[in-house]
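In what follows, chain A forms one complex with chain B and a second complex with chain C.
So, the complex of A and B:
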């Protein structure tokens, strides 16, 4: 993330317990038709959701629906090569695309009772549980930056942010967090 | 904020969408035989309808998909949206479905 300077009116110490930056992760962008999606579910070991804007998790692996033929696959970094090799082996008969985007973006975990409030400061979506339930994921915007937002718990959100926007997103969230004590 | 119904993701804020111009612009069937006038028509000439207008929109900051919309250009009301490749629903006068 680097060191970013956040402009504040007074040098107030901010409680940052709502923010986590998880360990290195393998990320794969998968695209293909229905047959390829079915084959990918077997190869990846997680049934790729066909319902719009939903994520599925099995063990340490997750598949996030991003579009009707597009998924973001998340797994531990150590399994990256094995997954790619599995797709090469199992999906040879299916036209598809599998792109390693592990280093294109980083993750942020925003959690705690103020998570929704913090995210709604920059995200135009309605994050109420009835409209954005646990397990829902989508690409959307945070202020001017594109993010992938995934609700992993009632008060826990997983954000995927492109690296060059990470400082921007983190700084804005931190700026908003200055208002938390008030 | 204007809410647009994405045929894939459901109701989403306008910010996530980008406009894709007039819908149903048909590419010449045999491009190498098309005249300059036909190419001009295909590439550059667009309608500027006042009222209900079929447009392409893209859920750029969401599922990324193009879809079609019928929008009233005077009121900015989205009458209906539907997936690319589907037939537009019949629309009566005044935008009533």
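So, the complex of A and C:
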């Protein structure tokens, strides 16, 4: 029965205005105990949040709580070496770990009125503003990829994705974008 | 055009006619029709042939409960969907539909011969009839039974559509949008709760869509419904999902919804998925799934034109279609009378209403209305049979007197027989969620008992009757659900006015002069199960309903017995003098209605089946025709063929380049973990078998990791970058599990240690530069670091710059040659790879892949964890016991290694195996035996783990594990293969440069 032709509407260009790929930044994985966290807040110039799954931003630097002893520090690339040297200097007395992971992952910004809709296609978390407020961040899954998800605005999410998973995450989001009304 | 369409009324759009074909014949319907209503409007009742006896079958229902009218819808060669219910297929212009299970045509079906053979096909016939001769089962009986079985033809081409999935969360999920569901959603939404309202039908409203005269709060029900839906649609906290079936109730209030997006459209919208899976995590669920009318069981009850009274109402009131012009209603339920009134209002003649209830019942409102309308009612009736071939033409009604005596009966001419056996609440989701069911004697059906999850059954699904009561029950459930979800809610009450016929009925089989009448009385239409089959099963000793179900297949068709289960239970109960609840109930299983595989696959197909992880050299390799292999999610280059080369030629050349000049290999996929803290060395001492305290800064060492059972789990080179900082590498496949194991020990066992771990696998791009000229190549690129043999000996590590990128350089070798591994931050990876290649050209550099890498390491006897080990090998078995730090007090697995069994001399040990014929390459996985000529079962003493042809040695080599193998060096063993035993000599596993001089070049 191959004699039937399927009628399909003309393809429409997919609106990709929801996607932004920011320039590379410095990323540092910081781990340490409470005293080190306090010292790191001073060294980094951003109070490292002690509330679970919250991010803090001062100027161009942000600290994301990823675990009780673990933070992702984000800053402009040009400040990377100075920050590392500052930690060596200021945290000498506090056992900690600071590892440069600037190249381990890249960022994606998903924004606009359909941002939550797009992310709900692969992320099992409740992204309602009442459950996932602005400033919340967490490691989670997007389909089969681990991501770090950070809500930077009502309609804006910052995703941190490991390099080799970026193509997969972007392709999935783009496929879901086809479902959006033109 | 159609002869059975009413002149007005219904919710179809008469201004929009739609063309469609059924079995090649052209018809016209209206927008808003289903295939079923459009065919009925054209006077077509015959829509399929039954599964086993190929009996002509017509429409029974009007919704998802339809057991008979299974249809194939065809859009093109690949989009061919079988077993769709005609009652749920929404008409679109150009729809092509075909009936199933018939040949050569629906009207004349050769398979109907099965009906004449039916005495040979009783319940469980395949267990009895085809027992002899035994050999014929596989050759003859089973293939033929399989060919005859099954409904519809599955499409043979890949599904060209795509399917989407999404997650959703809500406070209250309302399943079903009849009066109870709408009232629940309205109340819950008013409390501020996040609400999802779903309904399997294209329009919201449920039973309100089928009622001509109902009002709510004095307003026409349709107007109230429209107002309510408009208000819900405006509420941003409410999501309305039509064409969406709640098919499964999973633990912790996770509900699976299947949303059909394009099946009803004439034109497929570009880019849209065909269906969408919603995984809804709901705090509370309101199950307002309604109730399904039961057929009556009497001889000939499956003839086309015999259908449910409620379906006749739906067709008349929703679609403006009369299912017949001359109707006999057979009813055991007051609500059944409403169909007669609606058909009469549409212009049909009601020949007779035969009420089959036993004497003594109280007449309900619908019966009273029917009598007031002048319709003829015969009480204490039964049905002795029906007439007609492809369409019912008459029905024989008899009366039952007080003593149970049945009259001879009289035939009535008719073109349709409506039947109503009472209503069965749709308790499927409640039961799926492990909620218990209780039998309601007044209703004659099971209703939901105490819920097991956070769910609230409401409305007809809860056994409630009457419009006002349905609205009240729904509102109450909505309020309770919202309150349980933490909202302040008060039920918004409504007053409904409708005829309100009662739902109680008479489950089971109508009285007959003999227990088993000659004509078949069907209980399960879709699986062709008759009263005879159920009686036979009981005669043969099946008592449990679960056994009877499986023996007769009643309730096991794709409709899962939506219309048949209670009748079967009632019949079994009556036959065995038990009450229905004593017979028990079979399990309600998901999905509620058949669900496509597509929604479960979702995006996970083709290129998006899994993440495809690519290394920095990927595009460069693609451009040069490199061949890849999958290693976990990674694409790794297998070999780099040059013009005219096959795999063997390419890997031989790549191996020669590494042995004689220089090769480069992308090792970026290796797992990398940075271990930092003042206790880093202590941690690694406990974690790996080696001694790390003695490792100096700027030096590295090969480490082995065991599980706590003492068996090799992972390996890798570990470098000390600073007193308190180590760079650990793991196998490609082991990266995630080694990291998780470290974190586990740090968080649970060794919390006192001041040490932290960070994954750096993807921070670093790694190029292995291996071969006698590797240093020369790197010296052209590195100017700020002395990499001479003296300054940078084997197993050292240093920082420098390469091609403008910061570099961490390891002097390390997995080839046995002088070698380095260049680590650069990953965004520099591609540029550095190209720089090394260009710098290496004058030295004859060859990029090499995993095949060559495997040969090179096997020539040196270097193991690959997971290939040469299998989770049962100790360090000694794997010939790496030298790595154990003997002076350490403890490490993971140390205690297990002390067990006597771990020290036995006959454990399988890693050895080299050289074939006597140097050109024979053994098969990996082949077994090893001690002597030639053994017969099965042989005494197997080992097996081959790695086997290659070595270009360097100009012969084959193999690694294997052999019981007590190291004591057998020099002896000849055998590898039995089909037709021959291959002689092999046991050797050391190190085949090439056994003194290890080349590595220090």
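Just so it is clear, the second predicted complex is superposed on the first by the 169 of 182 C-alpha atoms of A that agree within 3 Å, B and C clash if a C-alpha of one lies under 4 Å from a C-alpha of the other, contacts with A are read in each partner's own complex, and residues count from 1 in each chain.
Definition applied: a residue touches a chain if its C-beta (ideal position, glycine included) is under 8 Å from a C-beta of that chain, and two chains touch if they have at least 3 such contacts.
Please read these numbers as outputs of a predicted model, since none were measured by experiment.
Chemist: Given the touch rule stated above, what does A:53 touch, chain B (first), chain C (second), both, or neither?
Modeler: Once the two structures are laid over each other on A, A:53 reaches chain B alone.
Chemist: What is the contact status of A:124 with respect to chain B (first) and chain C (second): first, second, both, or neither?
Modeler: both
Chemist: Using the superposition on chain A described above, determine whether A:141 touches chain B (first), chain C (second), both, or neither.
Modeler: After superposing on A, A:141 lies in contact with chain B but is clear of chain C.
Chemist: Check whether A:16 is in contact with chain B, with chain C, with both or with neither, and answer first, second, both or neither.
Modeler: Touch partners of A:16: none, neither chain B nor chain C.
Chemist: Please indicate which partner A:81 is in contact with in the superposed arrangement: first for chain B, second for chain C, both, or neither.
Modeler: neither
Chemist: Have a look at where A:66 lands relative to chain B and chain C in the superposition and call it first, second, both or neither.
Modeler: Only chain B is touched by A:66; chain C is not.
Chemist: Residues of chain A touched: more by chain B or chain C?
Modeler: Touched residues of chain A are more numerous for C.
Chemist: Do chain B and chain C land on any of the same chain A residues, and which?
Modeler: Common interface on chain A, chain B vs chain C: 70, 124-125.
Chemist: Under the touch definition given earlier, write down the residues of chain B that touch chain A in their complex.
Modeler: 1, 8-10, 12-13, 15-16, 61-65
Chemist: Residue numbers of chain A touching chain C in their complex, please.
Modeler: Result: residues 1-2, 4-12, 14, 24, 29, 31-33, 69-70, 95-105, 120-126, 128, 131, 143-145, 162-165, 167-168, 171-172, 175-176, 178-179 of chain A touch chain C.
Chemist: How about chain C: which of its residues touch chain A in the complex?
Modeler: 74-77, 79-80, 94, 96, 162, 164-169, 194, 266-273, 279, 281, 603-604, 607-608, 610-615, 633-634, 674, 676-678, 754-764, 825-828
Chemist: Can you tell me which positions in chain A touch chain B when the two form their complex?
Modeler: Its residues touching chain B are 52-53, 66-68, 70, 124-125, 138-141, 146.
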